[in-house]
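Before anything else, here is the set of structures, which you'll find just below.
Shared chain: chain A. Partners: chain B in the first complex, chain C in the second.
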Partner chain A sequence: MRNKWKLLLALLAIFSLVAAACGDDDDDTSTGDDSGETETDEGGEEEGAEDEAPEEEGDMEEEGDMEEEDSEGESEGDMEEEATGEGLGEGFNVGLTFDLLGRGDQSFNDSAAAGIDRAKEDFGVNVSEITPVDASARGTDLQLQAENADLVIGVGFSFAADAATVAAENPDVKFAIIDDSMMDFDAGEPIAPNAAGLVFSEEQGSYLVGVAAALKTTTNKVGFIGGMAGIGLIEKFEAGFEAGAKSINPDIEIVSQYITEFPDFAGFEAPDRAKEIASAMYEEGADIIYAAAGLSGSGMFQAAAETTEATGTKVWGIGVDSDQYLTVDPAVQEYVLTSMLKRVDNAVYLVTEAVANGTFVAGETRYDLASGGVGYSTSGGFIDDITDQIDAAADDIISGAVEVPTTPGG
Partner chain B sequence: MKALEALNRMPAWARYMIYALIGILVLTVVESFESGDVSRLTADTASRAMLKWSVPILLAGLGGLYSERAGVVNIGLEGMMILGTWFGAWGALEWGPTAGIIIGMAGGAIGGLIHAIATVGFGVDHIISGVAINIMAPGATTFLSSEVFGNRTQSPNVPGVGQFTMPVLAGGDIFGLETPDILGSIADQEIFYLSDIANFSRGLMSEMSLFTVMALALVPITAWAVWRTRFGLRLRIAGEAPYAGESLGVDIIKRKYQGVIISGALAGLAGASISMELADFYQEGQTQGRGFIGLAALIFGNWKPQGILAAALLFGYPFGVSLRDLDGSSTHALLLVVALGLAAVAVWAWTRNAKSDVILAGSFSLGMFVWYLLSDTAPDWLPNTMPYVIVLLVLVFAAQRLRMPAADGLVYRKGGS
Partner chain C sequence: MPKDFKTLMLTVAAPATAVVFALLFSSLVLLLAGSNPIDAFADMLEYGTRLEVMVDILNRAVPLYISGIAAAVGFRMNLFNIGVEGQYSMGAFFAAAAGGAIVLPGFLHLLFILVVAMVVGALWAGLAGWLKVARGVNEVISTIMLNFIALGGVIAALIVPWRDGEGSLNSGTKLIEDSGLLPDLNWLLEIFTRDIGKSRELSGALVLAVLVGIFYHLLINRSRLGFDLRASGMNPMAAKAGGVPPKQMVMLAMVVSGAIAGLVGMVDILSRAGRYDNNFTPGLGFAGIAVALLGRNHAVGVAFSALLFAFLSASSSILQITGSASPEIVVIMQGIILLVAVIAYEFVNRIKEREVTRLASLAVEGADA
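Our next item is the complex of A and B:
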């Protein structure tokens, strides 16, 4: 009798282990299923497209030829300006590899997902998505994608090193990495002839929200929370924010704090720590804080809500990457003054379009204010009274009258 | 020397009180060396942050105590905490904060039960089972999260638990009646040291979350339950000499199950405190290794509740202070505190004629002191590494004094020996 119970419990334990393992897998395959579904959905369209198929196939073959020409081109060393041949047209395969957390992070990854969803509709591409389960498997994930895809997109600078290796091993596949230029700066040429780096002028967007903060503050003290110090990426946000705030009021006080230092990436997903930092800043008199810290930012909005309730004076937070007014919990929506927009969705969409049209360019592609790569949001209507001044600042940046620094303390 | 002997004869609570007063004195003195007019090291915000960030570590450590006192090594604390973060948030969203606390504990207890079945029922190696739970728990919560919240990484905002401020001493309400804030008024006098003590203690008594109150209450409760009750005696027998206990008719298997399940429940509570109190929502990976730090606190605290409390506060303090340290001065001052602490260790080793320890601690202390003098701000990574450094130091200098339960980690088979 006793043994039977033990057996039952053992089975239960085994089952729960299996179920848990499936939980993870399930999730990955469900995204896989998505692409599977789109494949069948698109199947109809593709069949329709197959009426014009001869040409298309011809294109494909030509594309193969072009690749060879590319490698010849590479030896000439002027790949950077040269588009890599004719496009793949519609219905090619895209492998989208998310950063940790993947779809549903309400920020960076969701923005990339929005871009690929748009591309899926417009170019009928087949998308397979991977969300890495841990940081060590990035190279494997990219290689896995490269086996089937014509274009592999890596969301996040952490893919850069692995992408360089995998790109060299898969010369027929195009790679696009977000937030890394994929340039060999010593040689002044792309790291690989088939790898593009999509980078943003975050400092320009941050400048604009800095302007907004300086115009809206009543205490002449604003704060900045960075996710992780030490690699110069988040410092660009701080530099722009600082420059923007000081352009309105040179005497404004800016307190700044980073949650972690490289290589501790926990700072991007530690809302509890961001909340503590933000409360300290609000207590010391800052009334607007800009958080460039990924998921951690939601902790800042929470702190804003609690401080406002406790003291009766309204304090604000400024969001980052996506329009956080739309993504935060409704309870803290009224504390989102504005958000610095980093249009990862546009970058993903445009690079897919480039591959479709054959205008893919290796090396750095910069998305700045002028090209609509960065900007600010107005959802909530809290800054409607000052949009004129912010837009004026934006015009100054676009015209080149104002140059935004990329390192803080300028 | 006589003073030290007198200190050793004192009851434990008085000894710890004296350590705390010495600690605040050191902080007050160090603080006066720092430029800047804000007294951040002994401020009520500092002690409040310390307490707040120690709570998950303390609860996890206490959880580990119940399991290891019953002879089962619980490296799965981290996984049980992760279960607690999800179940706590889910319960709070569905049925309110109180339910969140209970369901969070239940979630952790499920993890404990699995660990108990594996290690006690089947005699699986404790480490292997614990690691399996640490791998399984995040998978399970990710799956549950995507099924229930429709978002695999994050839950909506969770309603918070209430706060408590001690009446009379820190100005809390009694049934809506305002009471004086005695400590606050002493703190405002700005008397050297006395005001620092008042302000620091005020931070420990005001705006405490329900989790903090529960965690602090669990320290004496655990000390009483494990050392002063029949249940506790049998629990400890299971961890010290299970076969001797068995020969006296103690149901060792049952005690081990109880210990590990309580352990899981407390780890679940620790997880719930993170998702419900510190972050206000569930998020994938938000325990950030605090289960392991709780395990370190258990070792540092010599498998005793008051030791775990001291360790948790010691780990929470630099962490909380550095987060609130906007100009880098407090973290910098902590370098001097560490240097002084190491110097004290060197002196202590000297009295015991442990020459190599004196040299080791002395040179570390000197290094820290030089670092303090040569720099204006300390790096941000320093406070994050402090728990590990402190544990390493304790293991180096006091390992002989640590004593784990004799049968901890050994597989027990009924009727064996």
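Our next item is the complex of A and C:
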């Protein structure tokens, strides 16, 4: 009996040696395998051309369909740096670095993925994608991307601190961070001359879905679920939603709950907890809930489906970031009233275009309602009867007649 | 010594088996997913042997190791401290806050921060220990609850005043002055190899990890206290009869475990960010449990398993860049290694037990004859 085990172990030991040796042998063979969706072609000749002689080009502002709208906020205008350097044309390398969940979150990251897919087609860029394995991998992943890419995009404000360091170390590479301005506000200038911050006026889009919710509710009670409280990002969604709903009906009741508090990021990836909160809200009489909670939002749509089936009265959810009617499980599609669109895809596309054309701008670029950076979706046709009123509200925001607060309760 | 050699072989055989099985299973998974396992493993090896990446792996292994040792202290005493997660978060947060608030001359500043981290970690763990000793609350339950309270309660409530200005969402404690930060060990690398690449540094926390490992080994295996701990863990009643008070031992194990746990976050706050911010790495406490399990609670074994896990995690990036395999394969490998290791250890234990029985019976026969 014992000898049998010995034999087994000996065999395993031998196998492990062989396996290890095999690995070593393959070390120097070619590893270029095209099976995955990512590519790392060296991109080649353009690389040397970039950035060597920075030159001021005043007319670059006209390029791109949103470019001229960027400096919406009065104070932002003077912070923008002039674009420098020459365009890379087509076929350069882009390193897209997702936030922790990566592709498939049906929301934030998928929106960025859609943008890069579009840029891939239009500019023929080679894209390598990384989703960090954990928070401590963000810096090293950005650095790894910078070694091959001409433009490195970090999807999410968590990349901001690491991007500032890595950008300083790699002056020839451009960086773009979603949801952080990449500005040194004390000095009033960009943190790094090669780092752009792409930020959104989420409160404006949230205002519009707030209007939709107030027009559609039959119980005069609506709900808001936030992914994580405490850093002022998700509060912008809540503030806009609240202001929009109250603009239609000042007496509307809004129940609001956050899944987690900073520094616990679990709230963005906890559909189960979102589902519990949503179920409770529906039970308390809210019939429309807006979830700004990344992947967790899918739990709210499940809760909407279950509540509707159990009680026979239809309740709704409002999606966020992507047009969630198109991204959720088809079984719960009919509960997606509308979605607040945060056009991360546009931001990703436009910053890639800017690098291609040489119009890259360091520091803050703001995407708001006027520039089409935020908005609402009509997929499913559930709000076709009220789009006039929503569009009127949008016009008021664009014209400046309505100023949307960025902190709740204002 | 053939007998010692055999024991050593048996000890090493279990984790080796685990790794081999993990390679086999994950090859199978890769084949099923349509990837070439040889390419994937070759990419991982090539990447993992670059100097820059080896530095990353070491930096990644250090917190895993310290966390593994923190868990191991509890395991040696039969205490399942699930609370390393909360203990290291609390330790790091308070250490960062205290270190940012005051400036002490030179080395004292660093020492002060480390002491704060250890004391806070020890107190948070001691709370669970006290609940067990005084009220009989199972430490598994209390430490899990305390994890939630630490992150979602205490830190969330206290971090509010440090919010950055408008427009920047990164929120964290005040930056610690340079005197409080751990010096990097790049000079050490440069003696043996060459200048390392951009924005990499070998964290000085490596020294902390080595010190923690030595302390752990001496405490558990070479001290009276360690003997008492292990005895009380194996059989509290018997140990009590031998003059070892079980309650004190529980408290002691929890406090030591918590104090070590307090150091887990030091790579993040004293080498990378200089403060506690939203890039602080979560999940190291739970990873430490796995690392301790694979390393058999042995100071050197845990080091190997921490390095292995760090290597696998670091490989995730290169697999995504080359596209030779889905990065999830590293998580699958970590899972399989653990699962097989646990089974293999049980196997080895049985073989050893049988050996002991056989030797005993031989001895008895010999006495009879």
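Definition applied: the second predicted complex is superposed on the first by the 330 of 410 C-alpha atoms of A that agree within 3 Å, B and C clash if a C-alpha of one lies under 4 Å from a C-alpha of the other, contacts with A are read in each partner's own complex, and residues count from 1 in each chain.
Heads up, the rule we're going with is that contacts are C-beta pairs under 8 Å (C-beta built on N, C-alpha and C of every residue); 3 or more make two chains touch, one makes a residue touch a chain.
What you see is a predicted model; the values in this text were computed from it and never measured.
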Report for A:L144: first if it touches chain B alone, second if chain C alone, otherwise both or neither. second
Just checking: does A:S136 make contact with chain B only, chain C only, both, or neither of them? Give me first, second, both or neither. second
Just checking: does A:T218 make contact with chain B only, chain C only, both, or neither of them? Give me first, second, both or neither. neither
Determine, under the contact definition given at the top, whether A:Q257 touches first (chain B), second (chain C), both, or neither. first
Once the structures are superposed on A, label A:T165 by its partner contacts, choosing first (chain B), second (chain C), both or neither. second
As a test of reading the superposition: which chain, chain B or chain C, is in touch with more residues of chain A? C
First (chain B), second (chain C), both or neither: which does A:P271 touch? first
Once the structures are superposed on A, label A:S181 by its partner contacts, choosing first (chain B), second (chain C), both or neither. second
Using the superposition on chain A as set up above, list the residues of chain A that contact both chain B and chain C. 9, 13, 16, 19, 22-24, 26-27, 260-261, 264
What part of chain B is in contact with chain A in the complex they form? 45, 49, 52-53, 114, 117-118, 121-122, 132, 136-137, 139-140, 142-144, 146, 151-154, 156-157, 274, 278-281, 283-286, 288, 320, 323-327, 379-381, 384
Can you list the chain C residues touching chain A in their complex? 9-10, 13, 16-17, 19-20, 23, 34-36, 38-39, 41-43, 45-46, 49, 56, 59-60, 151-152, 155-157, 159-160, 163, 165-171, 198-200, 267-268, 272-273, 276-283, 313-314, 316-318, 320-327, 330, 347, 351, 354
Sites on chain A touched by chain C in the complex: 2, 5, 9, 12-13, 15-16, 19, 22-24, 26-27, 29, 31-40, 128-141, 143-145, 148, 157-158, 160-162, 165-166, 169-170, 179-181, 183, 185, 199, 230-233, 260-265, 364
Touching chain B in the complex: which residues of chain A? 6, 9-10, 13, 16-17, 19-24, 26-27, 30, 101-106, 223, 229, 255-261, 264, 266, 269-273, 275-277, 279-281, 283-284, 295, 298-299, 302, 329, 331-332
